[in-house]
């Protein structure tokens, strides 16, 4: 009872604090503090309610237990991180986004390809990727290569569609200007169309970050060496080691958010000229 | 001196196909522009001024008739980089600073870095934007953007300058100043200039030839050769000759509107 | 008749905080506008005309000084729907027809359907757009859109009409026509009008009071009370009185530019 | 009628024929029970389901049930219809494997999700590290199918006598191409498919009575299934909502399952239990369970049910 | 119409590649079999074998086509369109949780977006966590969601739909926040001069201008929702639905079954997305925003 009560109290306090903070002028401090307080409030409420309602730890462990498991298993978590994120997700992300980017430029050069590939691409993009995972594991083996392949397949089309759209984003007048200069195709591409496409390209890159991580983890459910975040999650559930499962989920969420945030920062630097980046 | 036509349009027509039927933006347009001419185009909104300018610059292909520039096709002239073009809206690239925007055509044409610097400095002074080289377009007011766009077209020395309502967003004083500057540049370089405007005094003040157009379909209703001298102080706008030409332009315009 | 000031600004200042330092858009501005005045604001680009109009309409809060409208604060006046405002760019909603755009403020103010219909019809005629009620904005040329935007501000009978360069995109003939219409409306309804323009003749032709502004920081350099009669045929623009006022305005403007 | 929910360990197949038969033939109804059978799958941990209150009784393998018990979830075995283990490691001869001595340096496919414990204790017994290397084995987390052996990605894969082994055969390898190591033969067999309930629930006499009737009817179902393998397989097929199972495979599976259940009347043999516990505790440096479990099984239900 | 030829070309190219891939990938097994049987394969025998294996690594198109026909069209002809062995039945199951999850996700997404746009506190606190929520591997928590919902007595369609919702609300939040913020300053100022209240501002300005964004995100959300429905079917015992077929196929190494379930799922997704596209055309046209 006392736990539940304190849960509600924490809720109220956190909420109040955030309302107060968010109505102060925006500074980089409040910009950071508000979401963090929000998160801490959520986590504290979770702790209180799990304890107060006596929820079995094999269903939902309290955050304190997760933290302990995290601290005790840093070796495992690090090994899994390297296997899944660095080897699987990152390499797949780079290959997939890179290939999509080059394909987009090729498609853009040949309108025939564009008219043919995009509708088909949309169909392929609709393939539920969960279904592709077992097939790719079958084709590329158990190790990280098949995870990277899943990531490549997952990020390719979102990236392609965004880049193609971005390459068409320059307006008529901007392109006409290049015509009056008799600029070559390459000059137009480098000086006009790629800069104009940047917001779209970054949109694709951002979507791809979350997809990459999910893809790499999910693919490990369909066969893997005995390490990796997906492997650990799926086997630990079977062992009812839910605290370790959640520790892995925390890693995934932190890494995913950091990955996303990193790309968003890069975007801010590269496209500072774009209206959406100007407060 | 005998003047070869720099631009010569013969029976030019351009029809846009739109989903609610064809739009005759230009119909049977004939015009000759000689080297060193300053030609203004004036006419009600939608009469085809922009379209005509775009055809000259090979940004639009005529559906009938013929246009030659410097004796070759408009396309060849474009490839030879014969044009400087100022668009109706500033159209600066938002990811480049003002300096970077002005530098753009120079980079494309392979001008050396030091020459670029010199050119940028020169044209920025000409349009009174010195000190704004490092600013981004959105950090400037509308009028300043328009001036930057003019500077960009002046930065490389094209023979033919096509300007689509370049001074629309400017106040009278700045406009007068830029008018003078433009005349000075024109006199100095002997460029051929095509100039679209809505302002009758501006057209009369600047031009050697005023082309009055009327819409639906877009055609030329009058071509007025100016009798004003090449040397034109601002005061010339109070001279009877000036007022008479302005009257003739206004009458031509009114006739165009009557067709509505 | 004794005239209470409708708008009264006392020591008004407005400073924008930007990342490269403060911009003094308005500094110590004092002005009184009486009921039924037609006040034009003229000045170089960036001198604070738009900002001043926005302060009057409570779209921007002054950082110092005070403004009262109809004896109450600008905010209260806005809540009482005292303003019709025409923005510098047309700003029509693309998902509404011309008629729907004009109807919008009326819907918001809870005007009955039949009154809406009547009002839409009336203002569309006034700006010569009858027949375009069902068209979407993008089906109209730039000038027509601007007229629709004016019609929208006229459709509900606000006492105070604030117009920010409403006729910028129009050609001379249409502009003359709308000038006449506006004067006619003003004479008939006794509205108070604040009007930003870049054109000296337009300012002189329309106004009872011309406010000349200069930039950095934005302030009022001259307030010229017009001596022209209320009844103003277009020909009045050739009268010596007109030309004299225009000269005074031009001088004021030039002085402002000299500060650059 | 009393409601009982049973959570299976895996998808609907002949492995669970006894329960489907009992439901289909009305054995549960006769006992005044209204039984809901929930199929399992690769993502379903029966222990978690029962902890969440999603089932009254679950089927699980003893190693994972005992491990759950150590984690604080008090599961109790109330009946054990499977007498012997069906688990084995199936290897390709052409991968150079003839006996467990050849495992070193090879890649082996293993099921995880709580099914890895018997394998780990076997390797421990053989003195092979599972960390790879020349004198250890490289372990793959095997997916749901036998692809790794077909594609040559692994020298051996885990199979059940009644299921995956036949998938390998169906795929085109012949028994001659293969060599199998049954866990039973290797002395590392652990108990499979037992019925488990929560210890606390057993204290409730009404629940206990319900379980007695449930076990009685279920065992009746099992014995019927053993006697009528073809009909039992058809009943299973009727209950397969995914429509993915084939008649041929299920009939064959039922035949193999019958061999595993035949020797059990439902009551847990304490000797088997001791053997399983011993095997799990011997896991070297990393045993599955660290202390001898207390109260992990009971004859209370079977004693009454089988009277 | 002018797209027909290019699309056809690309589709034909895909088929050619597909067949070539089938031969290449399936050849190893054919050789393996032949070696064990002690026979030599000629090229034509090899190709024939790769075209007709029972569990090919990559089933050629005609095998998949035949399987799809067998489990759809042929079932309809036999009058068993909705039997368990019919893909139509499974498609129907998946469709229902997709649609329910999509509806819930859209509602949640719009509600969150409105909160973020109108409430400063939500604006600053919620968005990073919405992003973080999407980095959690759904397949990992799907079973927990199912178990927890089961524990409180919710089973059947709803748990699967909740997973669909989890995946589909994200694109809607992102798109709608962008969309509701798309009116420019001038348009908002206009509303201010008319003293519109926030209700009027929402219905007459923000919502209409968000429409193009809404539809784009709905398309993404629909595809995501389908993935969610399929993922949600795995831990419910893979009882029925396209996900169950995928899993069942995967479990038994039935590649042909996997591919046919996969293609049907893709067709379902393409159909649903196309439907939204159609709806978008109609709505935007009626709003005068399509040209």
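Just so it is clear, A, B, C, D and E label the chains in written order, and each chain counts residues from 1 on its own.
Here is the rule we use: a residue touches a chain if its C-beta (ideal position, glycine included) is under 8 Å from a C-beta of that chain, and two chains touch if they have at least 3 such contacts.
By chain, with names taken from UniProt: A, E = Putative aliphatic sulfonates transport permease protein SsuC; B, C = Taurine import ATP-binding protein TauB.
Not measured: the values here are computed from a predicted model.
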Fewest hops from chain A to chain C - one hop per pair of touching chains
2
Among the chains, which has its CA centre at the largest distance from chain C's?
D
Quick check: more C-beta contact pairs at A-D or at A-E?
A-E
Go ahead and note the Å separation of the Cα centroids belonging to chain D and chain E.
35
Distance-wise, how many Å sit between the C-alpha centres of chain C and chain D, to the nearest whole number?
84
When centres are defined as mean Cα positions, the distance from chain B to chain E in whole Å is 53
Per-residue multi-chain contacts in chain C, two or more chains
none
Would you mind listing the residues of chain A that make contact with two or more other chains?
59, 134, 138, 221-222, 234, 237
Expected list for chain E, residues touching two or more other chains, is 57, 139, 143-144, 147-148, 151, 234, 250
Kindly provide every pair of chains that touch.
A-B, A-D, A-E, B-C, C-E, D-E
Quick check: in the complex, which residue numbers of chain E touch chain A?
2-3, 5-11, 14, 25, 57-58, 120-121, 123-129, 131-141, 143-144, 147-148, 151, 223, 226-227, 230-231, 234, 242-243, 246, 250, 255, 258-259, 261-262, 265-267, 269-270, 273
Which part of chain A faces chain B closely enough to touch in the complex?
173-174, 176-183, 187, 191-192, 195-196, 198, 271, 273-275, 278
Sites on chain D touched by chain A in the complex:
42-43, 45, 47-48, 51-52, 64, 67-68, 71-73, 112-116, 130, 138-145, 147-148, 151, 153
Residue positions on chain B within touch of chain A in the complex are 54, 57-59, 78-81, 83-85, 87, 89, 91, 93-96, 104-105, 107-109, 136, 138
Can you name the residues of chain C that touch chain B in the complex?
42-46, 141-144, 168-174, 198-200, 250, 253-254, 257, 260
